[in-house]
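Report on the following structure.
Letters A, B, C and D mark the chains as written, and numbering starts fresh at 1 in each.
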Amino acid sequence: LTACGGAADDAGGGDGVTVTMLPKNLGNPYFETSTSGAEEAAGELGLALEEVGPETSTPDSQVPFINTSAQQGVAALVVSANDPRAIGDALDEARAAGTKVVTFDSDTDPEFRDIFVNQATAEGIASKQLELISEQIGGSGEIAILSASANATNQNAWIELMEAQLASDYPDIELVEIAYGDDDDQASFDKTAALLQAHPDLKGIVSPTTVGVAAAARYVSTSEFKGKVAVTGLGTPNQMREYVEDGTVTAFALWNPGDLGYLAAYAASALVDGTITGAPGETFEAGRLGEFTVGEDGVVLLGDPFVFDASNIGDFDF
Amino acid sequence: MTTVPAHGSPLWRRALLTREAATIALLVVVWSVATASVRGFDGPLTITYLILDITPVLLVALPMTAIVVTGEIDLSVASVVGLSSVLFGLLHQAGVPLPAAVAGAAVAGALCGVVNGVLVAYLGLPSLAVTIGTLALFRGLAVGLLGTAAVTDFPRNWTQAARATLGGTPFPSVTVLLVAAVAVFAVLLHGTAFGRNVFDMGRSKEAARFSGVATRRTLLVLFVLSGFVSALAGVYYTLRYGSARGDNATGLELQVIAAVLLGGVSIFGGRGAVHGVVAGVLMIGVLSSALRLEGVTVNLINIVIGVLLVLSVVSPRVVAAIRARRPARPPSTSLPAASPSVQ
Amino acid sequence: MTTRSTMSTPVLRLEGVRKAFGPVVALRSGTIVVEPGSIHALVGENGAGKSTLVKVVAGVHRRDGGTFELGGVPADFRTTAEAKAAGVAVIYQEPTLFGDLPVMENLFLGSEPLDRLRRIDRRAMRAHAHELFGRLGVDIDPDRPAAGLSIADQQLVEIAKAISLDAGLLIMDEPTAALSGVEVERLFAVARGLRDEGRGVVFISHRFDEVFGLCDTITVMRDGAHVSTDPVAATSVDEVVTRMVGREVTDLFPKVPSTPGDVVLEVRGLERAGTFHGVSFDVRAGEIVGLAGLVGAGRSEIARAVFGVDRYDAGTVRVLGRPLRPGDPAAAVDAGMALVPEDRRLQGLVPQSTVAQNMTAVVRRRISRLGLLSTARENARAAEWTGRLEVRTAALDMLAATMSGGNQQKVVLAKWLATGPRLLIVDEPTRGIDVATKAEVHRLLSGLAAEGLAVLMISSELPEVLGMADRVLVVREGRITAELDRADATPERVMRAATVGAAS
Amino acid sequence: MRAVGAALRSREAAVALVLVLVVAGTTVLQPGFLLSAGGWRDLLLTPSLVAVLAVGQAIVVVTRNVDLSVGSVLGLCAYLTGTLFAAAPDLPVVLVVAAAVAAGAVLGLVNGVVVAFARVPALVVTLGTLYAYRGLVLTWAGSDRIDASDMPHAFLDLGVRQVLGVPVLAIVAVLVLAVAAHYLHTSRAGRQLYAIGSDPDAAVLYGLPVRRRILTAFVACGALAGLAGVMFAARYGTVSSGAGTGLELTVVGAVVVGGVAIFGGSGTVLGAATGAVLLVTINRALPVVGVPDFWQRAVVGVLIITAIVLDRVLADRRARALARARDVRNPQEVAR
């Protein structure tokens, strides 16, 4: 156990600083990677980092952990929000208790946090995925989206943007259904089956979530649709390697979630030691990633999404 | 004329040697240990969060206690919480003033109770099977009605009221509601003819019916109460977490039942007390809070609750078995008292 | 040929066996010696401990003390399976059939015939079942579920089940209670056959004609203890009855004459499929009407329907001229009706509630103040009635389960008398009650009637009905087959009306 | 003749008929639901897992008990399967399957021992172990998960391979069903399970080995949940600590829909399995016929309630028929 209470008071200090990492849920490889990135940063910064989280990715199950952080008076909370508003009050209370709040991966309304570490702009993510699927299905045909839970903030934002861009830029591609696999392997897998069944002319599935895209790829790779229905989206190389190698998946996108966690931890540390306050224009160093500038609304941008395909997937291990 | 004393044993024995007293004692021990050894547990926020956390569980546990005392069970409560949460959100979204939305949700909850009650009491179907069915049905309606959306734009003053503390104390304002609800149920169950009938039904439904107890109506009332209170818990849940969602409070029923059984209510019906259940709910709340502060994740908390639950029902059996064993088994060849008169 | 010495080893020998259930001593000193090749009657009043003795032998209960030998070997069964394996077959007083299983599986459960692949051979099982039923001369479809069998058929299946075990000792606890004359004769033929094969048979019955017609030895029990054992030939019915009761029978029924008043209960054309048909009768104020019949004739069913705990298909019930809502016991209570049901433990009392709570169960609302009910008020009301009926219990907050049967019955009576009823239905009011209490209960009923209460009394004890009732209604298979005035009600007439073809 | 008539009137047949109607109706709207290679395969494959669980559950429910811990047992055994493969990739598949099934049996044994010997209601015990077993998986797995790459191809192949057009996992489910049905119908012990559920007190009076039988039922249920865990790993290729969460209610629902009385004594494993297939298939059919998948649970709920109400109505009808039959059997020369 880390030493004594009052961590909030000596917020500027070195070794006593505790940071709590609260992903959407535990047991999710994406967040596992982001947490290990944060741990790397914590090691460099001398922070004590503790990961807690619920089993299921719902806002109500995140609240008790935010409360606990407030009780403990941790220096900073790094959270991926399951709902943009629902956890707001709890975050407010934590901030009232002196805790700095960094959101990463999935944001809350800006008023509830100090900094949002954004993996990529939503526009960038949406257009990258559409680019990939359009290429893979030859520019026309039916596609479906397999999302996480129906309430996932970032997924919904991306889907909205994708729908808009489809209407304006891809007139020959028709989005026939949006299904929700709840970031659960079994549900996503079964939903993929249902999608393919319900839409015999389906040509592609876009799944903007790592659990979903892996499940969809696994289903397709073992079915008669392999090679006929394209699967792409946001995935981690380790989960997707097999399907890229067997030809089910040509290419998919993602940022490096490890880097995301790493940057979030640096941002938290910068907030705690007062280097930044979350005001636009402030800058801070983030170790091996270099210098970052706080943008509008306290957003810090990691970079552009990265496309993985057979040529480069061998270079990554996360 | 024989005069029969009212009580067979002194008051202290009757008060201290109960199942409820054991739960309360255990709660005191757990609380003390947590205060002494868990970092941050003695802080001012602990009480606040503890009460906020247990509110929905305790609210739902009260009517559940009465239902379990009759020997039945209501597994659909968490789905009613979810459904009423969704309806509350939808009504708010449709521009209905919030007090009216609360009323709407409450009525819907009561209707859910009517469905359960009619099926169980008037059609005589097993409550376990019925409420597994309505668990799925009500949850399905909740998830179906709100679809992909979540209603989160509740006025800040309402969401904050659900969390605000009573001026200067660590007690959140909802404490008042809780105390009132506990008092109402304690009196209803332990201090009215209705409550006595509820206990009689749990001990012997047939004898209760033969005594002119309206067993069906009583059961219906209890299920409606359960639905109504669950709906209130749903409204509270929505405001506390600031979001109306179809999946709100999923799995709450198991926590509630665990708490009720921990509190000494017999799953066979016929015995239990409100104060025991309050202690049972607090026990789970304190354990979760302390373990979370220790950085123990949900996992271990689940194990602890599960094991505690099994122990709480097994231990009385073991004690009884040991007690029954104490007067040594009779020798198999003792002498007869009277000599037979075979002629 | 077996040798003389093994022949004389008793099949069963119990001496001074004791069994208590908490405070209730059901069996004080049970003694019985059953010789091979004999049919041994075990008689005694209700609650004398006969069934308890049987259950000790059967391995249901473990005795607290005393000697228990089977075939000369000390025995101590912990389960009924052990007893069965040792050659004890029992027909229990209460049928123990598995309603969901077909009749034939009930017959052979655990010893079903198997085919070469060790699968249950249903064909062989069906054939065995037919054969067994043939021996008993009954016609029950072996494939039908046991649920829904009439009481008589259930009893016949129990008998077939016991016979199929091929046991050295067969115990029958009131097997004939629900059977018709023909069926009884068949059963007796089977029992005699078993005796002639050298097996021991124990026969429990309240019908002396059967006991004296079938058995060769008779053991009398009273209050859980052995009273006497004699060859049947060396004793008489009167002698046995005197020993059973322990005193002269006549003072048991202190009937106070009274003049009947207005009609309180009026039942017309009550009908329920499979249970009772066209039941019509009146009960007047100040009158005790006896409802006689065999066990299973449907008397309790009629009472339950009248009171509203059961529904009925057709007919009307009026109390004091006003029609009573069917299926609503609360309405019956409000109309001034009270029912002391036949099964104290299951229906009359809530054994896990306290004495005081039980005594005030029906008047709870009445004794509440502002909707609140305190233990003190309950105790006050209960104390009043424990005093009046001389209920003996250690304290008012003792559980009713801890009381003796007689005192439990008084609690049930008190709970109903506390409502100030106009009509009291008592179903087997003295079942399992000792003689002294029994007389008390009779005095009480008689006194209440004299004060103008209308009483409908169901009893399977003929002397009780004849001794107490102003008028006797006889029920056979759900129909009222006779209505007899006190003067006309002889045992013969009642029995003839109660049985078909039994009395010629 | 009698057998045919009974079979046609049976609950199993009714459920099967509804199932056929659902499949037929959906296929009319969307031919691919049945008439494509994938549709055919998924029709058989998807329900296999729940069907195996339902068979186990039915064995327990028949004895008037219930096992709510099956979802957690499944999770634990699925994770065990993956972990064994990850630790020793060369382990023969059979051995791993046996280990997972054995683990499930042990967890079932724990349930059974507490229920049978401490005489604690199964509902409470298995509610407790539902928490406890899930806690074990969570603690053990932490935030790790087993991915397809951790398991050998030969094993994952079982999840998709077909023999003569029938998926291997469906064959496993059918075998399990056949063995269980045979045991319950033709063995002495199997009939005693029904007797115990029909009337536990009479079973004791009768001298049946009640405890041993209840123990057997729980062990069987646990073992089948373990097997379902293996099937889960093979089919989904990914196992996280949450595998099988919430499945218990679906399974109990399937058993009830399949005509197994929740208070024991009657029903068949065939019915339970058919009920499982029906529930899962309806779940799959709804989105195909255009009902948003959010409404699936509501439909399942309605189905469960319909099933128990129907059971009650039929039982009442039967009881009334029997009562009338008694009147006919004892024709009475009406009272004079």
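Everything that follows uses one rule, which is that a residue touches a chain if its C-beta (ideal position, glycine included) is under 8 Å from a C-beta of that chain, and two chains touch if they have at least 3 such contacts.
Note that this is a predicted model, so its numbers are computed, not measured.
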Task = Compute the shortest path length in steps from chain A to chain C over the network of touching chains.
result = 2
Inquiry  = Quick check for the class: compute each chain's Cα centroid; which one is farthest from the centroid of chain B?
reply    = C
Key: Inter-chain centre distance, chain B versus chain C - centres from mean C-alpha coordinates, in Å   = 41
Centroid distance [mean C-alpha coordinates] between chain D and chain C, Å = 43
Ask   = Hey, how far is the Cα centre of chain A from the one of chain B, in Å?
value = 38
Message = On a C-alpha centroid basis, what's the spacing between chain B and chain D, in Å?
response = 29
Inquiry  = Multi-chain contacts only, two chains or more: what residues does chain B have there?
reply    = 147, 250, 297-298
Ask   = Residues of chain D that touch two or more other chains: which are they?
value = 138, 241, 294
Inquiry  = Output every touching chain pair, sorted by label.
reply    = A-B, A-D, B-C, B-D, C-D
Query = Inside the complex, what are the residues of chain D that reach chain B?
reply = 66, 114, 118-121, 123-125, 127-136, 138-139, 241, 246, 249, 252-253, 256, 262-263, 292, 294-305, 308-309, 312
In the complex with chain D, residue positions of chain B that touch it = 73, 119, 123-126, 128-130, 132-141, 143-144, 147, 246, 250-251, 254, 257-258, 261, 267-268, 297-310, 313-314, 317-318
Query = How about chain A: which of its residues touch chain D in the complex?
reply = 26-29, 31-32, 35, 51, 55-56, 150, 177, 179-180, 184-186, 189-191, 193-194, 196-198, 200, 214-215, 218, 222-225, 238-239, 241-242
In the complex, chain D residues that touch chain C = 2, 182, 185-188, 191-192, 194-195, 197-199, 202-209, 261, 265-266, 318-320, 322-327, 329-330, 332, 334-336
Task = Report the residues of chain C in contact with chain D in the complex, numbered from low to high.
result = 59-60, 79-84, 92, 96-101, 105, 109-112, 114, 118-120, 143, 147-148, 150, 272-275, 277-278, 477-481
